[in-house]
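Look at the two complexes coming up: chain A is in both, with chain B in one and chain C in the other.
Let's turn to the complex of A and B:
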């Protein structure tokens, strides 16, 4: 596999975490334009862990997931009382607040003779743990897809459980779910925290892939893409967001069919799919059909 | 595929082993290289001829193998620039390469130095359709 192909696949893998983060919220009926904030929180937290304090990547990544979950809870507690578009707007505003906080964050310490740590708008350089371990691009690709496979497996497991059915019931009709005794706010707070942890996990891997992050990495553009991947890929299965990323990065970007006009094509594709398939390509009907065929006696 | 993901213990064990290996490793610090980048537009839109001067400890870094990539900070991971290998220039520590980007704007040029030392440097640069200048940050 050449360096370009490895790059394309790595980007697909990393963006999948953001798509999955948006997906987890979407199946419970919540539209978030702010998952990039928790991706950023994870990136900064993991960078602080490995670059500033010499923690192993796994420990720093766990801290990044916890930070992403905590930040998501901080946003979720006041905003989950809002519904629909109002919640979406609140998440967008909160994400911009986080981005500005990253711009204001100056915290550096001397490591090996150089200043390392977040430096406001100058970004956070020197997140070199993966590089210094001698892990090449192809090796890191395996790490990304290994973690992604575990995450997708966990999500598939949850979806097939009673909890998964409850989440979809809440997404379909929260009033009816509440009438059955489900504590909607508590459940959604858990989902918000889980989505934040997923985004934080992706951010941790992203920071170690690029070796630097900066506040403008985590603006609305990234959040819209994450949401779009989940929406076009489909809300029927956790594989949906992955399909969404593959369509954008793998097909449109990787093929270079539209060069600099790709974003316009992608925007058109999202608009078209939202009209003809509002729940995405791999929607619940398609996934239910697969399962029905797979389990039907021959 | 869902079934394969949930019913493959060997893959799970392999991934767990990889994660454990990553958990026990510790980073090492090495003397960093410095880079000065200069790019200029060509007659082709969004194609630029660049020169990078590499040094380490105040001395030109000669005989380096440099693979160059780029990412757009405002759209991270959305663009995959085909990596190019820089060739040695006219003077010691100088290397040249041609960079083909997708669009104008601020890019983070990634210089991955693979020999004689391993390093990765990020230089921000503003590219218009036919010209380029160092980013003011």
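Let's turn to the complex of A and C:
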């Protein structure tokens, strides 16, 4: 694979985390415009870990996931009683506040005679752990997809369990779910934290891929893209968001088809697709069909 | 000290007037369709781009430019309505139709941004300024002509909307559909046709606001689309979703608050304060300052 292809595939992998983060919330019936903030929190936290304090990537990534979950809980606690658009707007406002706080964040320390750390709007340079370890782009690609595969497997496992059924029940009809004795608030707090951790994980890997992050990377555009990936790919399975990213980045940008008109073509296709399949390509009905086919004796 | 306070309030009122008009357009669509149109701002941006393109080739007067901005916004808005909202209205009872329509409007936003940069590839274009006249002295204060015009236009639009919605036959249909869609349909009102006309009206109102913003700032960039959507959403949500008086109050409050926080705390704090206000309001008083009487 040449460097360009590796780059495209790495981007597909990294954006998938954001799509999955939005997906986890969507199946529970919550729409978030703010997952990009936790992606950003993860990116900054992991960068602080490896570049400023010399921690190994695994430890820094764990810290990034914890920070993402914590930040999501801080946003989620006062807003979870909101529904639909109100929750979406609250997450949007919160995410923009995080972005502005990144712009105001100046925290640097000397590492090997160099000032390293977040420098406000100038961003956070020199997150070079992967490079310093001698890991090549193709190697990091394998790391990204390894982590992504583990995450998707975990999500598929959860969705086939009792917890998965509970999540979808809450997403379909929260009142009815509550009447069945499901503690909705506790469940949703858990989901919000998990979605924050997933976004933080993606952000940590993203920062180590680009080696440089700046606050405006984490603006509303990124968040709405994550949301769109989940909805285009489909809400039936955790593979849906991945399909959404592949369609956007892989098919259109990667193939350099429609160069210069990519967004016009893609935007139109998405709008039309959502008319035919409002819950995405791999929606619940299709996925349900797969399962039954798998069980039916031939 | 006191002069600064008054001067900022005055400048904030000018900005707030355009925010209020933006929020009015937003909330009109939401009231009838119960859907957020993310492409609202980008459609206005496209209208402003059409006017900019015209001003680069011929040198029309400001009134012509305003008309082109409004007409461009309406055409772009009609496209959004046909592609993103009309098909989903048919399936309106299916859960998730509103979300699908909203994401579709985001997809169209992407189209608009690319279309704008294809037509005018530079990052920034100057937009003809409203006036080069010096601010009018008002005691110790300076009243910018733009502020005066923005306030006058906003007041005229409010009066027109009030007449349309509360005195004209069209308004009765709109309010009926907003309050009880099913009952409205049973009395022979065609909700689809009402939605189309409300969409056109909202786009025209938004286009007027877009012209005010572009001529006050004296420039347009593709970023205008996102800016317009965000300011409109903020003002609408602060005032109360679906409430017309709320949209005006939210817009004015946002404008004045931004002017003060920019003056005392700087530009980053200005945005931070605006989002903090929205976040706290949603957490404490989710239905906004002046909530709509009827909930969907």
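General remarks:
Following the convention adopted for this analysis, the second predicted complex is superposed on the first by the 298 of 298 C-alpha atoms of A that agree within 3 Å, B and C clash if a C-alpha of one lies under 4 Å from a C-alpha of the other, contacts with A are read in each partner's own complex, and residues count from 1 in each chain.
Keep in mind that, in the parts below, a contact is a pair of C-beta atoms (placed from the backbone, for glycine too) under 8 Å apart; a residue touches a chain by one contact, two chains touch by 3 or more.
The model shown is predicted, which means the values in this text are computed figures rather than measured ones.
If you put the two complexes together on chain A, you find that chain B and chain C both fit without a clash. Annotation for chain A, partner touching more residues between chain B and chain C: B.
Touch criterion not met for A:16: it reaches neither chain B nor chain C.
Using the contact criterion defined above for the overlaid structures, shared-chain residue A:253 touches chain B, although it does not reach chain C.
Of the two partner chains, both chain B and chain C are touched by A:221. Contacts of A:67 after superposition: neither chain B nor chain C is touched.
Looking at the shared chain after the overlay, A:31 reaches chain C, while chain B stays out of its contact range. In the superposition on chain A, A:270 makes contact with chain C only, not with chain B. Closest CA pair between chain B and chain C after superposition: 6 Å apart. On chain A, the patch touched by chain B and the patch touched by chain C overlap at residues 221, 260, 262-263.
Of all residues in chain C, only 36, 38, 83-84, 87-88, 91, 94-101, 103-111, 113-115, 118, 226, 230, 233-234, 237, 241, 268, 271-272, 275-276, 278-279, 282-283, 286 touch chain A in the complex they form. Across the complex, chain A is touched by residues 1-3, 5-6, 11-12, 14-15, 18-20, 22-30, 32, 46, 67, 69, 71, 73-80, 82-83, 102-103, 108, 110, 118, 120, 122, 137 of chain B.
Remark: chain A residues 31, 78-79, 82, 84-86, 89-90, 92-94, 96-97, 100-101, 103-104, 172, 220-221, 224, 227-228, 231-232, 260-264, 266-272, 274-275, 278-279 touch chain C in the complex. Across the interface of their complex, chain B is touched by residues 3-4, 7-8, 11, 14-15, 50, 54, 56-59, 111-114, 121-122, 125, 128-129, 131-134, 142-143, 146-147, 149-150, 152-153, 156-157, 206, 210-212, 214, 216-217, 219, 221-222, 225, 237, 239, 248-249, 253-254, 259-260, 262-263, 294 of chain A.
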